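In order of appearance the chains are A, B, C and D, and numbering begins at 1 in each one.
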Amino acid sequence: MKDSSFIRGSVPMTKEEVRTLVLSKLELQPNDRFMDIGAGTGSVSIEAALRLTEGQVIALERKPEAVELIKLNAEKHGVVNLEIIETEAPLGMEKLETINKYFIGGSGGQLEQILDLIDRKAPADSIIVLTAIVIDTMLRAHNYFKSKGWSFELSQIAISKVDTQSAVAILKAQNPIFLFTATKTKSI
Amino acid sequence: MKDSSFIRGSVPMTKEEVRTLVLSKLELQPNDRFMDIGAGTGSVSIEAALRLTEGQVIALERKPEAVELIKLNAEKHGVVNLEIIETEAPLGMEKLETINKYFIGGSGGQLEQILDLIDRKAPADSIIVLTAIVIDTMLRAHNYFKSKGWSFELSQIAISKVDTQSAVAILKAQNPIFLFTATKTKSI
Amino acid sequence: MKDSSFIRGSVPMTKEEVRTLVLSKLELQPNDRFMDIGAGTGSVSIEAALRLTEGQVIALERKPEAVELIKLNAEKHGVVNLEIIETEAPLGMEKLETINKYFIGGSGGQLEQILDLIDRKAPADSIIVLTAIVIDTMLRAHNYFKSKGWSFELSQIAISKVDTQSAVAILKAQNPIFLFTATKTKSI
Amino acid sequence: MKDSSFIRGSVPMTKEEVRTLVLSKLELQPNDRFMDIGAGTGSVSIEAALRLTEGQVIALERKPEAVELIKLNAEKHGVVNLEIIETEAPLGMEKLETINKYFIGGSGGQLEQILDLIDRKAPADSIIVLTAIVIDTMLRAHNYFKSKGWSFELSQIAISKVDTQSAVAILKAQNPIFLFTATKTKSI
């Protein structure tokens, strides 16, 4: 789905290419249950919900204006299997034993607490995808996954785009993003 | 799908993240007809074929050992809606009026001839995705799309990966790739 | 020299790291004669002039406000071996037989004419450094150097910087730049 | 100086562009005293020594074969103001109160001890440049400079090079490198 298909206001949105990679790394199956932590405009939640034809998405977002946007975007795309909770994670992270896919796009400084809850409660083999633009978040995620001994991948994605409408074609750089894909390899 | 799920021998393969982005840019619908030009190991063809539940994939590849790999990979993944033609494009590019999605991963120096055929015969609004690692190919594609007045996007994708199994975590750079997504905006 | 040591107004300036690499690629010797084509704020000219203790810099720039900035910056740094010509190259490119180092930071669409003059008149083994952010300029330079059979290097430089003053450390990407270093290998 | 001007064997060497940026960030003055910690082939030491016409370079390196290379390279370039100490830093870091420029290209896991010595003994306003390819080293350096309240910059440098001798021009990526420049802002 294209960035332009989402209403976004001034709320930051995971860009199209990164959203595509995040959704791919989640290896979504139709009946997965997926939690989107720090859902922003809801672009990941909505694209996931459309794929989870027999599954469910729970979007956690603390900012009221972002929650409104998620609702608008869900309505626009006719999404019905999406529950939105206005909260700051880890508050609101419930019934994790039934949720097997996670995306952490924003953790508001509570990264370890969020991961600890997933560690304690989520099913074995749950997949956790995490994006970080902040150096400190990258380092904390790296240390967490390393210390837990989870199997994980780490990539840095740097994308530049040419504005082909412009008279002169210049590569405009997006800020690089760190992308983690971790698998919770221990049983509950 | 992961790189490791494909048999590849010594044939170059579009890497996982790039394959994910290519497939996303193709905006595949279940009944699309898709041509993969320079199919290599067939990784794009096979992932596309699995998505085209009512559609068809035609893979063109000139190297016999690559053609063998595509067959092996198709069999491994139980793909039945994939036709493989051992040829060097534009030879073998037939019935283009029924094909609405194209991926050009390798053009063997015949880029303009290939695009001219698509230009003349493919349905309006066909989507052409093209990856280039060679500077000259990038230039020629850019000039072609520009001169035809097709609507197109151009990105450069640079991915670095940490080998998280290694004792020291180092970002290993993959070579950057240019990714074009063009829409044939004129009618046949 | 730091970016902050130059007065710049709204004129684009070659960024510190790229300027450092450009000056390094020029392999400046104290008695070189150096021409800066499309000098902008004059940052490359001035840093070069300070190194050319027995040499000379000629800066060509077409925009009056940029010419004013070069003058201000030259005065600020006490540079005396810098001649500024308000012109659009190749106009004003004179006495090339005495000039052995060139930097082309902006060519205003006259790239081939500029390079042809250097080709015809500059001493053998002159070094030409060229930066391009525009795809088309990169391609034209690549084709020119290739067709002339000059020895040349091409790099793409992508730099991201953390604002370490900010509360959160985020890698901010600068637009990638193509950097050519060519040596005119034929004699006059 | 070009990479090819150094003898290197199998010892890793800071690549030309990065070496250029490191030397630039050191803001070398003719009478500086400079310590190169983890000197490898000595390429940074030697290029610095040639600039420090009235100054001195001390190169610390633990591997005997690298020490031999530094000696060979120093001899090749006629460098006389370079002292080589075969040791693993922080061992051998002496007389720091007289050394005002530092480059840490390799710290062998002793990063904090090395920086603590510089912190305690080096003159105020000493400049420390550090390159890291290992994620963990980057993290530790970031945390150290942050915790000390030193003024510092952090960049990530990603360079791709075209092999212009090759029949097809392909951008080959070098691994990205993190580059810190810190100024010790407190007095001794």
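As a convention for this text, a residue touches a chain if its C-beta (ideal position, glycine included) is under 8 Å from a C-beta of that chain, and two chains touch if they have at least 3 such contacts.
This structure is a prediction, so every number in the text was calculated from the model and none was measured.
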> Over half shared or under half: which fits the residue numbers at the contact of copies subunit C and subunit D, same or different?
Replying inline: same
>> Using CA atoms for the superposition, what rotation angle relates subunit A to subunit D, in steps of 5 degrees?
In response: 180
>> I'd like to verify one number: the distance from the centre of subunit A to the centre of subunit D, where each centre is the average of its C-alpha atoms, in whole angstrom.
In response: 39
>> Need the CA-centroid distance for the pair subunit C / subunit D, whole Å please.
In response: 27
>> Taking the mean of the CA coordinates per chain, how far is subunit A from subunit C in Å?
In response: 43
>> Touching at least two other chains at once: which residues of subunit B meet that condition?
In response: 135-136, 142, 154, 156, 158, 160, 162, 169, 171, 176
> In the complex of these two chains, what residues of subunit D are touching subunit A?
Replying inline: 135-136, 138-139, 142, 154, 156, 158, 176
> Where on subunit A is subunit C touching in the complex?
Replying inline: 133-136, 158, 160, 162, 168-176
> Which subunit C residues qualify as touching subunit D in the complex?
Replying inline: 17, 20-21, 24, 142, 145-146, 151-162, 164, 169, 171
